[in-house]
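The first chain written gets the first letter, and so on, giving A, B, C and D; residue counts start at 1 in each chain.
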Amino acid sequence: MADYVIEMLGISKYFPGIKANDNITLQLKRGEIHALLGENGAGKSTLMSILFGLYQPDEGVIKKDGKVVKINNPNDANDLRIGMVHQHFKLVECYSVLDNIILGVEPNVAGILQKQEARSKIMELSEKYGLQIDPDAIVENITVGMQQRVEILKMLYRDNDVLIFDEPTAVLTPQEITELMSIMKKLATEGKSILFISHKLAEIMTVADRCSVLRKGKYIGTVDIKDTTAEGLSTMMVGRKVNLKLEKKEATPGEVILDVNNLTVASNSSKKDAVKNVSFNVKRGEIVCIAGIEGNGQAELIQAITGLSKQKKGKLTLCDKDISHESIRYRSEHGMSHIPEDRHKHGLVLDYNLAQNIVLQRYREPEFSKFGFIKFDAVKKYAEKLIQKFDVRCGQGAETIVRSMSGGNQQKAIIAREIDKNPELLITVQPTRGLDVGAIEYIHKAILEQRDSGKAILLVSLELDEVMNLSDRILVMYEGELVGEFKSSEVDTETLGLYMTGAKRDNITKEATK
Amino acid sequence: MKKGIAIISSIVCILVGLLFGLILLCIIDPADSISLGFSPLILSGLSTAFDPNWIAAGTNLMKLGQEIANAMPIIMTGLSVAFAFKMGLFNIGAAGQYTLGAFGALYCALVLKCPWYVCLLAATLLGAIWGMLPGLLKAYLNINEVISCIMLNWIGLYGVNTIMCSNDKMFNSSQAKAYQVGVVNKSALIPDSIFGWNISETFNYAATNTGIIFAVVIAIIILIVLNKTTFGYELKACGYNKDAAKYAGINDKRNIILAMVISGALAGFGAGLFYLSGTVQWNPLDSTALPAAGFDGITVALLGLVNPIGCIFSGLFISHISVGGTMMQQSIFPSEISQLITGLIVYLCAFSPIMQEKLTKLFEAHKKIKHDVNKEEK
Amino acid sequence: ACGSKSGSKASKKISKNDVALITDVGTIDDESFNQATWQGVKQYCKENGFKCDYKKPTADSTDARVSSITEACSQGYKTIVLPGYLFGDALAQVQDSFPDVKFIAIDVSKGDLKKNISKNVVCFTFAEEQAGYLAGYAAVKDGYSKLGFLGGMKVPSVERYGYGYLQGIKNAANETNTKVDVKYTYGGQFAADDKITAKMQGWYSAGTEVVFACGGGIYGSPLEACGQYKGKLIGVDVDQYSKGKKCEKQHGYNPFVTSAMKGLQNTTVSVLNDIKDGKWKKYGGNIMHYSLKDGDYVGLPTDDKSWNFQKFTKDEYNAIEAKVKDGSIKIDDSTNIDVEKLSDNNVKISLIK
Amino acid sequence: MSAGLLILIKFTLLSGIVLMYVALGGCFSEHSGVINIALEGVMVIGGLFGILTVCCIPKNLPSFLIVTISILVAMISGMIYSSLLAFASINLKADQTIGGTALNILATAIALVVVKHYNSTITTNNAQSPKLNYDNSLFIFNVGPFTLNVFIILGIVLLVLSYFVLYKTRFGLHLRACGEHPQAADSVGINVYKMRWAGVLISGALAGIGGMAYIVPSVQEWNFEVGVGGMGFLALAVMIFGKWNPGYIFLGSLFFAVFKSLANIYDSTFLASFHLTKEIYNMMPFIASLVVLMFTSKNSKAPKAEGIPYDKGMR
């Protein structure tokens, strides 16, 4: 028995209106990497937050080294040497790396900080595990990868020996993921026990020793990785067989819909240009994907194309109309749809109801308004139609306040809205971020349908799987420039990775893309 | 349902506030606390409306008239604050816009000798301009409107007072105040009667005029604009989520500016209503305090649940108890008790989301059984 | 428990001798009209066992004042005191609506009333310019040559004090042929605060020797500022010598050289007493202008304890007072004059806006 | 040195220190994540009870004690009053602006009711006076040609202390983390609610002293009808102007104070020859700071989580 470091026995946790964890048991062996798998909302983060002391379980006990313990807050967890890298990083952006690592356990004399001591310990750890960081850099200026290393160092600095990684790979590049995997393995061989949450089956297959599966808050079971396959895991997770590979026909590109010519865009955060002299086009009936590591200018590129920010130089043409200096509304009314990256920030007015969100760009059309007055009946009817058509699940139909809907359904509502506008060009950024396989499947199908009905689609994704599965043509973006163009059928992930990290580049000219 | 709960929670706030006031009055002087304190305080104008003495003198509606006259400007500043709130802006600058509005009205009335509607228009315009400035600063330079409004309040006050003092036609040096509109230019007075009904005569209070009808009509217009029009839809979208509004092609800069312009216009209009009512006098020598109507607007808006119709009622309520405050025996009870009560009510209003949540739960507990039955039928 | 209605209703009833006062814009203790008359009212009621109360209008408007007066009348008050020229219009409106109520209006002149005065009304005004004259004259005679005038707000009575003060200064300066500097300003308020303290400190440090603090509680600021520079003050309305006690403790001298007084409180008390004694006829329908000619209604205090002049003697004071009284010295009582124009060879007046 | 300049320095220090106290208070509160728009009201309350203490305390106590006790009372009453904001905005997650505005409205009303009641109990003649009379001599002393007051000395000490606490101590690191990213702070075991309470209470303490420092040194009688005349709001502006940093806040307060003083004493300096009205000088700091804000607003240093109630359950 005592070879379990952590045992969570019969854990239940209720949230208003939902049982997030229902009698869950999880046992973690010393020195193992234990994966935790489940759909969105299955209760993985909740379970881990309970272990880390952020929530209290309503039922059940936690044992550490065979002894029952009570973990009331992260301090208790820390005393028990449990550490966690959160799904959304918990770093104070304007603090230095050093301050973030020591936050909460600062060496001090009578309350006065003694940073020198901390610094040498951190440098030691960073060398030992190959976690390269600059202790004096300000967190808001460093890459996501480095932020993750900071989070890991935070755990190591606290001498934790139970390490929880909640979806650590969602934001990393393939190279960084490989790096992280090896670090995790190294930590495990040193006797640290690791809990690892991921939606990516391949990762689990490579790194984990065992895997526990949750579904809708319930515990399904634990398997040894060497006895199972990716398909087996996914079946366990959703309760049915999932098609992991998308079936798609060959694309039949038509005329050019979007033409981007020598586009240069200033950066949101730094003084340098984020997009440098980029040219490409998207044709009817094809899916063009911009691949690249986060922060290489994709966001700025899309903002410029959609009109959310101004370009510095260059020309944008949509269906033969010059839209370089047109407003967002003009672009939207002339055939551009946009599924934004951040659905809460851009996609929805969370305090409006579903109907009001469904007409977010179209409330001025004569169908929905007259003399400046909104025809609420027409809006409602239309919303109900879309809810039916796209199977958006919501409590009170068109009147549901969007804030109360689940993330997946919010995303569906956006997709319904954007597709039903019947656009010429559909721009979609990270359409499946953080969604579970079931939802991903649905959305991918919808996008493909659009392609097949002759729309032009511009996809931005950080997920290489998605890129490979969905696109017909792939453009790789690195430091604001397009450095490679491929047919998706003629390239593999490794090659893409090399381009994305800047290790390789081609010279892309406007002519080449034509 | 939701609205009902909101109103109930407001009423609870008011009752608690009043109870606190009563306790305070008891502490100050237990013997007279009801008869000379609390009863005039909460009955206010109503106590005289049915008093035989007052009825005999034919002045029984005078105090109610005074309440209405005092409510006009604060209903407007309340609307001003509420309107900006809908756009997610905190218009603490209503005081400054009100100041400019007063100046516009008085300048047109006293110097240019314009008729009332021109004066009112000028008040509205100047208020709108003064509201536009923080709007511009917010939209184009991202300067927090609270700060710029505070600055512009004082700039407006000093500026207006400087100009007024140096203008002989505005500044009555023998009284050390601005001239009374009713004395200098009768045509600038807001009409007393509408459809043959002379409001001032009914209430026996000269300053009570058709202005209150203007205020009510404008509140209704604002309500319609906010809830029924595309403009209101845009505005609220910007207020809830600026980025999403921008994504939807709504010009958020334009809306921020427009919202502040309208907000300022409402405050300016309120000042116009007040200063064109006859005998009120601006005191340009006093630069120590901003007009209270501006800050009362915040109270009115909050107590009125940021709803235009709510503003009418809360404006009347606040005016009601502040007139009541002056009807208490002044040598025993400070009239500021009414202000204390309103402050307390607004403080309690800050809790109203939580209170509403609790109340909703309370109601839903009753409904629960029904609900479950439905579920099983499915 | 509280608010037991035991206090019998009868005792709350207003009886015919009770007095109500309606305040001007300022507070009841503005150390000016409101306070002085209210003190008069209270003194009278206390001596005779009557009740008194005051009402504060909700806004600075005639309508609000009329409403407050109506309220007092309807409650049964038969004597109502109205301090301040702002009551002119309101009085004109109500005087005939309540013929059985007696109105005592302080500082309301014919010009303020704009109407014929009714039999149930009496108005009082004072010759502030005489008090101001005497103060200015005395100060220069006492040897001060750098003087200041700090008015509260530019209201008529303050202006009259100020104009009289300047005339007194000029007269004395020309008599003794000394050069005198006068700084003249209005604070814009009747209360002291840090801003005015700063201004006064500026004056005293730049050499101003004595400041006539003319308006309610505004004297607090020069009082605060003077100590360090051994600066002096002239009080207003009442004898303010006792206000200098704190400074005496702190800096070893009382800064009030004198005070330009007018008899607000006394007048109020004596009218009320006369009404009680049935002598209303003497007043009803009149506008009474009280100057030295009519009695000691204006002037400087001559008690030994508040006589704080070094050179200027009581004999000199009596002499000049007599001249003012008999009219051999004419003092202009206009308002809204350009004070800087009054400068001459000996006296330099600078107006500070 | 000309007399005019001396006085300018004196009054700049006088009101600059007040602004600094209050802006520092705001700075602590906002660094913890709570926007304290109630500073104006807290100043009134601090001033009120501080002065009441000066009035009521036995006069035969050593003056050092009188000064200390009354300042302590101002500080504590400021803390108690601001705890109303803390309770509403931290525990009940109420809207901070609404709560703060309510406290501003309440403060003047409370002050007037208390002062009037106090005045009518100490005098028999039922005076409903909104003014308090007090003796400020204990707070003021001269150093050469300079008139200083205890608040200036205390202020400088607190300024240095504030800087040290915010940037050099464990407490400061925790406090600022709560204003920037409360979830992060919570995840490393910092009690966000406690830190926010601390931030608001410190702001109450500083604003309470600030209220007293505003009223006491310049006059010996205060009319509470004017409250503190917008100083609290001005301090908020100074805080933003000073980028939430004690050092800049100090400079910002002096900048505002120079103009504020000039407005009052310009006639005793060389500026007299320009014949501008005092209103122009009064306007200056406001116009100037608007202009400065226009140029600096692009890179605001406001704590990121300020104004957002922290909810442990929220993701």
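We take it that a contact is a pair of C-beta atoms (placed from the backbone, for glycine too) under 8 Å apart; a residue touches a chain by one contact, two chains touch by 3 or more.
Keep in mind that what you see is a predicted model, and the values were worked out from it rather than measured.
Taking the definition of touch as given, a chain qualifies here only if it contacts subunit B and subunit D alike; those chains are A, C.
Pairs B-C and A-B differ in how many C-beta pairs touch across them, and the larger number is found at B-C. Mean C-alpha positions place subunit A and subunit C at a centre distance of 77 Å. In whole angstrom, the spacing between the mean C-alpha positions of subunit B and subunit C is 37. A straight line joining the Cα centres of subunit A and subunit B is 47 Å long.
The distance from the centre of subunit A to the centre of subunit D, each centre being the mean of the chain's C-alpha atoms, comes to 45 Å. Residue positions 126, 128, 226, 229, 277 of subunit D each touch two or more of the other chains. Within subunit B, contacts with two or more other chains are made by residues 287-288, 330-331. Of all residues in subunit A, none touches 2 or more other chains. Per the contact rule defined earlier, chains pair up in contact as A-B, A-D, B-C, B-D, C-D. The part of subunit B that touches subunit A in the complex is made up of residues 228-231, 233, 236-237, 240-241, 243-251.
Interface residues of subunit D facing subunit B in the complex, by the touch rule stated above, are 37, 84, 88-89, 92-95, 97-99, 101-110, 112-113, 116-117, 126, 128, 226, 229-230, 233-234, 236-237, 240, 277, 279-280, 282-283, 286-287, 289-290, 293-294, 297-298, 300. Every residue of subunit A that touches subunit D in the complex is listed here, in rising order: 15, 52, 54, 73-75, 78, 84, 86, 88, 90-95, 99-100, 103-106, 108, 111-113, 154.
Interface of subunit A with subunit B (complex): residues 306, 308, 327-333, 338, 340, 345-352, 356, 360-361, 363-364, 369, 372-374, 376.
Of all residues in subunit B, those touching subunit C in their complex are 25-26, 30-36, 38, 48, 51, 53-54, 57, 59, 62-63, 66, 69-70, 173-177, 180, 183, 205-207, 277-281, 283, 285-288, 322-323, 326-327, 329-331, 335.
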